[in-house]
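Below, chain A partners chain B and then partners chain C, in two separate complexes.
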Partner chain A sequence: MIDYLVTILLIAGIYAIFALGLNLEWGFTGLLNFGHVGFMAVGAYTTVLLSMNNGVPLLLSVLAGMVLAGLLGAFLGIPTLKLRADYLAIVTIGFSEILRYLLLNEEWLTNGPIGLCGFPRPFQDLVPIQSYNLFFLVVVLSVLVIIYSGIELLIRSPWGRVLKSIRENEEIATSLGKHVFSYKVQSLALGSMIAALAGSLLAFYLQYINPRNFMPIETFYAWIIVVLGGSGNNKGVLLGAVLFWGFFSGSRFAQEYLPLSPTQVGSMRVMFIGLMLIILMMFRPQGILGKKEELSLER
Partner chain B sequence: MAIEQVVINGMVLGCIIALSAIGLTVTYRILNFANFAHGDFVTLGAYIAFLFSAILGLNFLAACALAIAAAALFSVGLDCLIWKPMRSKGASSTALMILSIGLAICLRNLIVFVFTPDIERFPLPVKEGMTLGGVVITPYQVAVTAVAVVLMFAVHYLLRKTSIGLAMRALSDNMDLARVSGIDVDRVVRYTWATGMALAAAAGILYGLITNINPNMGWFMVIPIFAAVILGGIGNPYGAMMGGIIIGLSQELSTLILPSEYKIAVSFFIMIVVLLVKPKGLMGGG
Partner chain C sequence: MLRVDNVVAGYTDVDILHGVSIQIDKNEIVTVIGPNGAGKSTLMKTIIGLTKFRGGEILFGGESIVGMRPDKIVRKGMGYVPQERNIFPTLTVLENLEIGVFVDRGCLDENLGEVLRIFPELRGRLHQKTGTMSGGEQKMVAVGRALITEPALLLLDEPSSALSPKLRDLLFQKIEAINETGTAITMVEQNAKKALAISDRGYILEMGKNRFEGEGKSLLEDADVRGLYLGG
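Moving on to the complex of A and B:
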């Protein structure tokens, strides 16, 4: 039972970090990133490939993944962030899918659909294997605290106030002499770096990665976490992550009570997530903790 | 493969992408948001036709006609249930896009729930291809192209020669102006959804004719469809037709030099180049 609770908290913690990156982009800057999982995959694969084959120290491999994801985020922002908001959504969704095809097909590098395993994990020689998950939970929660406090500090800084002003009204931010485009690129790059960090942690937790871990639906798990908790509210993201994974893991037990095949139960659980997103957007777009007046969801 | 063969395959695929892209581009312009559920509308059309033909045993053509009508009705139902309340609340396009993602997830998993995630085929005999000057063309490919061309002409007729088409064009130019000149906006929007959905359903059925159907088929078409819409200029149905054909051709031609797994990457690359060089698309729009 304790083990089960630890795994739920672990995965909720990793997805909370992942969703905090999305919240920076969407909740605070108003950017629609529908390919967040792509940056998570960049983090996971870069860290694993560098540390496994080339003996690069783990911390350095994690940082390398973050830097690469940040550069990719900026790179995708350049053709799209001067245009209407929807172009970023289309381009990021395309990016995450094409990255997945690359991971599937460039077998010389990624081992294709079989994926990679047997890579080093932090402090694996020092911590006994039975208590590794518990140890890793402490690591994940510490990273979560650092990222959470870092973002909170940033959004209270002058830099963060510019982001919010872009979310509220781009024209006003521009008229005050702010270089809106450059702030948007920075926000997207930083959010992508956080996604990459979550990706490295996910790889350490799973001990085995393959392209199926990075399906487009993972992006929308982050979206439901942010929208449920409250866009633009980091506490809401933490709450959303715990509620979402609590529900998502708990609903697995529905199998025992329903006369349905495992595939049907699986599809029903994901269908419920989609339904929840529809209902929230229709009736409570500010989520549980968000402020309605802070969201630019109405014309 | 001979280049002529690749061009034929590309044209056939292009027709299907074009049909789906017309549906997306008209709703994109009139309702002012990118509907990410459009790919799953394509899937839904194919599965309703599968339900009527393979499971209920109707004649295939009747099943297709019924499926297209049912899909159009479904989209009107969605308008009443979701889009109209959102419009009257004055929801922004970003809110609608997030909502459409929820709808896409729902529809795809509903299809998996009802029909299983397995690949299915329409109950039709396998037809031998005809060889014409070294190029193999199956009767289904001919049928797909013919139906797609007829439907594209039908869209042209609808937009240019009917009063509802005129109202749709007025709405896409300026919704407020259309409203004050006495156009029943909600009615025209319902017709727009129905048209877009009928074309998506037709595209799904045609795609099933030349390959197979599976719950992810529409999702995997989303990138080429959006690339066609952006290439042709958002809101321009003629641009979407041209964009669809260009994207279909480029995807198939790319197989001459790239592994076929990267077909989708080709449409993505075209989309990025258009956004950098000419974001309004080749034929103007949005």
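Moving on to the complex of A and C:
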């Protein structure tokens, strides 16, 4: 039972980091990123490939994944962030799918659909295998604390105020002497780096990665977490991650009580999440901890 | 200080301004009036660099600012207050004012004092979310925010719109007070009479072109102008 709780907290922690990156982009800057998972994949694959085949130290491989994801984020942002918000959404979702197909087909590098395993994990020689998950939970939670506090500091800084002003009204931010475009690129790059970090952690946790780990639905899990907890509220993201994975994992037990096949229960869970979101949108569109006036719909 | 010379500009593929020229000298208040659709707001946006520029010349302090990014123009000493939705509602008054600053903290404290001297109404409410304030108070925040960088020229797009007559008079008093600190002001106004009364000069636009120009008071007394634009 403890093991089970540890697993849920681990995955919730990793997705909380992942969703914090999205919340920086969407919740604070108003950027519509539908391809967040692509940057997670960049982080996971970069870290694994560098550390496994080339013997690059783990910390460096993680940092390399983050830098690459940050550059890719900026690269995608530069042609699209001057356009309307929906173009970024289209381009990012396209990017994440193109990337997944690359990972699937460039077998010489990624081992294609079979994926990669047997790569090193942090401190694996020092921690006994039975308690590795518990140890790794501490690692994930420490990273989460650092990312959470870092973002909280940033959004309270003058830089963060400019992001919020862009979310609320781009034209005025511009007319107050802010180079809106460059702030948006920075926000997207930073959010992507955070996604990459979550990707590296996910790889260490799963011990096995393949392109199927990075389907578009993962992006929307992050969206559900952000929307559920409350856009623009980092505490909400933490709560959203725990609730989402608590439900997602807990509902596996529903199998015992329902006269349905495992496939049907799987689909039921997803349907139930959809239903919950619809109800949430009807009665509390700002999410559990969000503020109504921060909903950036009117733009 | 500012010379707009025969400017043609507009949005993606429509031109709104078909050759507009205006001039503002140091310490002047200049009002631009005209019927709806004359291009008044577009003129303000064009000066600050928010529209598509297609011809003419704009000189600010003797230097061409055509094609310059708005943030650069603001740094050269121009402030702009848009007509509507001109505050950041989820941010507090202080945060709204701070967004205007792009230099150091010391400058903020000093200029904040100056803004609060002109708008003492905001003094006790620095930590209130601006979204919860009245229209008049929001307007003060928006104007105060533009002042915090000490612009040499302030562009106001319909500062009195959606205000009660009493608040409107108050706002015009504030505009005069700002002008007395050495800031030149260009505003676009629907309340043409009130605005012209405090203006050194005025321009009347129609269909994206200059129609009349003259001293504020003489425009107010001109029979044609009165009949056509000031409601008799």
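In this text, the second predicted complex is superposed on the first by the 292 of 299 C-alpha atoms of A that agree within 3 Å, B and C clash if a C-alpha of one lies under 4 Å from a C-alpha of the other, contacts with A are read in each partner's own complex, and residues count from 1 in each chain.
Just so we're on the same page, contacts are C-beta pairs under 8 Å (C-beta built on N, C-alpha and C of every residue); 3 or more make two chains touch, one makes a residue touch a chain.
All values reported here derive from a predicted model rather than from experimental measurement.
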Residues of chain A touched, compared between chain B and chain C (which is higher): B
First, second, both or neither for A:174, with chain B first and chain C second: second
Which superposed partner A:271 touches (first chain B, second chain C, both, neither): first
Chain A residues within the chain B interface of the complex: 30, 32, 34, 79-80, 83-87, 89-91, 93-95, 97-98, 101, 104-105, 216-217, 220, 223, 227, 263-264, 267-268, 270-271, 273-278, 281-282, 285, 296-299
Contact footprint of chain A on chain B as seen in their complex: 33-34, 36, 82, 85-86, 89-95, 97-99, 101-107, 109-110, 112-113, 116-117, 219, 222-223, 226, 230, 259, 261-262, 264-265, 268, 271-272, 275-276, 279, 286
Residues on chain C engaged by chain A in the complex (per definition of touch): 48, 50, 69-71, 74-75, 80, 82, 85-91, 95, 98-102, 129, 131, 145-146, 149
List of chain A residues in touch with chain C within their complex: 158, 161-162, 164-165, 168-169, 171-180, 291, 293-294
